[in-house]
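As written, the chain order gives the labels A, B and C, with residue 1 at the start of each chain.
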Amino acid sequence: MSVIEVSRVSRHYHVRSGLRWWRRQEIQAVRDVSFHIDAGETFGLLGPNGAGKTTIIKMLTTLLLPTAGSARVLGFDVASQPGEIRRRVGYVFGGDRGLYDRLSALDNLRYFAELYGVPARAQRQRIAYVLDLVRLAGRERERVEGYSRGMRQRLHIARGLLHDPPVLFLDEPSIGIDPVGARELRATVSALADAGKTIVLTTHYMYEADELCDRIAILRDGSIVAEGSPADLKSRVSEGEVVEAVVHSLPADAIARIQELAGVRSVTVRDLDRAQVLLVQTKPAAQLAAEIAGCLRGTAIQSLSVRAPTLEDAYVELVGGT
Amino acid sequence: MNSLRILVIGGLTTYRALFNWVSPWILVPSLLVMPLAQILLFSYIGRSAGIESDTFFVVGNAVQYSALPCLLGTASTVVGERLQRTLGIVLASPAPRLALVIGRTLPVMLNGLAVSVFGLVAGSVLLGLPVRPATLGLATLAIAVSVFGCTGLGLVSAAVGLRLRDIAVLSTILFGILLLCSGADIPRPALPGWLAAAGDWLPLAHGIAAARSVAAGGGIGGVGGDLAAEALLGLGYGMAGVLMLRLLERRSRSAGALDLT
Amino acid sequence: MSAGRLLRLVAVSWYLHLKMLHRSMFDSVMQVVWPLFFATTALLVYRATGDRDALSYAATGAAVVTVWSAVSSNASGILQRERAFGTLELLVAAPAPFSLSIMSIVLAVTTTGGYAVAATLLWSRFVFGVHLAPAWPLPFALALVATVFSFGVLGFLLAVAAVRYRAVFALGGALELPLWLACGFLVPVALLPSWLRPLSWLLPPTWGMQAVRAAAAGQSLWADLGLWAGSTAAYAAAAVWVAATVLRSARRHATLSLT
């Protein structure tokens, strides 16, 4: 049975741009998105900033209404049955905010336990349990203002788990956390998945999605451009090869010339400090390295290599392909 | 010529910094509604107690309220300078100091003057008091001198506030003290002696007395002493304030006690 | 959720927000000192008349109205503050009724206003020598709490109505003294211009204060308390309605998380 069903959901925003406040502009944040998530799955929404991940999460947690389409969480409609959903889902977002800095972690949890209607008798035990789960036990009496980024984030998750929701929404939980903190966070999330929670995770880190998610939907400009297990997504590009060249001062027409080569699937360019990284994804056995080098004649090539594609390449092709 | 330029340019920059964060949504409530409310409140308290006249309270509170924009404005000018890390430069620059200080505080004073005159006119109209142009002109002069006095005090409060790291609170407390002892609402005989004495050495008391006297139809001749006293107080506080700011700056340089730079 | 649970929610939320408010000592002190300046000025004016009754009339009113200074300057910014903390969305996303969550925060703010009441009472007792000896102490205390509570309800309405207004602290400040004047705390309502009086009758603190004065004089206060209850309930209902409307509009127009 699907725990979450999203069918043809869209959401737009109206913004007034700076000085011309009388001009209303419409932003399509989510366009005609459909997917479903089964019980116990960890589902990743992957995409660059502004792709619409948060907007989808907010619609599913009933904070925003879809402008078109419909969605159900645990069988309840997000537009007309917000109360039912709010009782049964946990919502956690990344970043510094969302906690009362002047209170201790314990007080923060007490407060939200009340807001979520955790029975008075069960509270003490439940709070101790979630603190233990996110490895904050022993530090719960300290004020949150003294917490590190990673500790805050784990406290956030503890807060989201207070009422033991079967469904958990995690919106970019690892944003701004150092690598060690992020690894601990991933451990916490996968422990929750093992405990049978249905988890919706948004991120723009590939490896995070790869490690944690059973299935991933890749978003670009509000639309899902690919969906499947990490292995599926990798296999979409695994048949080909990736030619990666580090060059200096790439001529403007080089990209166009490479794109015209037979067997080229996509070309992307990333700017480094003083060099540019050119990624060319090719069809299987195209053997294009020499021809690509030919297109780059006159450019200083620092290195050029051919390798097998990774999930990151799949992602780059899907969201950043030119 | 150079002094004049410093005065104008310095003033303009300050004005912009001061009013950058000020929108009509803040201006109207805090500079128009609040003073009017204070004027009406105390005028009715006066009526209820059967003490003094409406004019007494309208003039007193209209002039006294200018203390808020003056104190806060001067303080935020100095803080704004600190935020822009230029206070040290300003204080150390060889530009003629008096011109600089007056230039910086001129917009604050004009603002205070406008607030007071508005309160005076609007309060009179609401309470059905006559507004005569000639009287208003003389009252405006008295208000201008009072505003000068408050701004001088504002410099002192800015210097102290800078040390305490909270400027708004000090300004607010000073506003309350001025409300009590300037005689804006409490008739002089009813004021406890020590409050009255404090009032004599703070801005506003003399200015308010002068404004009341001209509002009652008195000529400019009768209030010369009060106006001079008020102006002298302003000058004294202003000079003390600038001195304190300089001292703070020098200490911060040698001890690193204050991040002025 | 059951009534017991909701009550517990209000109590816990009130306690924790009060704890947070106490963490900034400076604000707490200012909240007492600021209205005390106005109260003292008013009392000095009344003392000048030499009329003891007038003085104790003003002292009673001044004590009660100081709460409003804390509420008006603080309550209007509650949603803004929650938004800055990033907790506003969490309050909305929680199953607890949003109005109740906000109301309990307003109650915490109102409670800190109570310190000003106590301070003003002590001040008028020891500086002005006003002995408040209400004829009916218990009903007097009841009416006092009722009046303070109605200020809380006004603050609640202000808090939810001002959610879109950025400069809300200025608005709160501008509403401070008008209520000092309008509700019969320092000036009898009968003395106000006739066009202003209906406005006073529409404000619950007016009836609360009448009840306080009735209890002080040993007259029946139940009619006033009835009017107080009716008008307070009307304001509370209006605030709940406004909160619901604001939430609905926020879901539609995405205005909650805007910083």
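Methods note: a contact is a pair of C-beta atoms (placed from the backbone, for glycine too) under 8 Å apart; a residue touches a chain by one contact, two chains touch by 3 or more.
Here the structure is a predicted model, which means the values were calculated and not measured.
When every chain is represented by the mean of its C-alpha atoms, the one lying closest to the mean of all protein C-alpha atoms is C. The leading chain pair by number of C-beta pairs in contact is B-C. Here the CA centre of subunit A is 45 Å from the CA centre of subunit C. Taking each chain's centre as the mean of its C-alpha atoms, subunit B lies 31 Å from subunit C.
Centre to centre, using the average C-alpha position, subunit A and subunit B are separated by 55 Å.
Looking at the complex, you find that subunit B touches subunit C at residues 23, 25-26, 29-30, 33-34, 37-38, 40-42, 44-51, 166, 169, 172-173, 175-177, 179-180, 185-187, 189-192.
By the touch rule above, subunit C contacts subunit B in their complex via residues 26, 30, 33-34, 36-38, 40-42, 44-49, 51, 54, 58, 165-167, 170-171, 173-174, 176-178, 180-181, 186-188, 191-192.
Note for the complex: subunit C touches subunit A at residues 1, 5, 8-9, 12-13, 16, 19-20, 23, 85-87, 89-96, 101, 250-254, 256-257.
Remark: subunit A residues 13-14, 61-65, 83, 86-87, 91, 93, 95-103, 107, 110-112, 114-117, 120, 159 touch subunit C in the complex.
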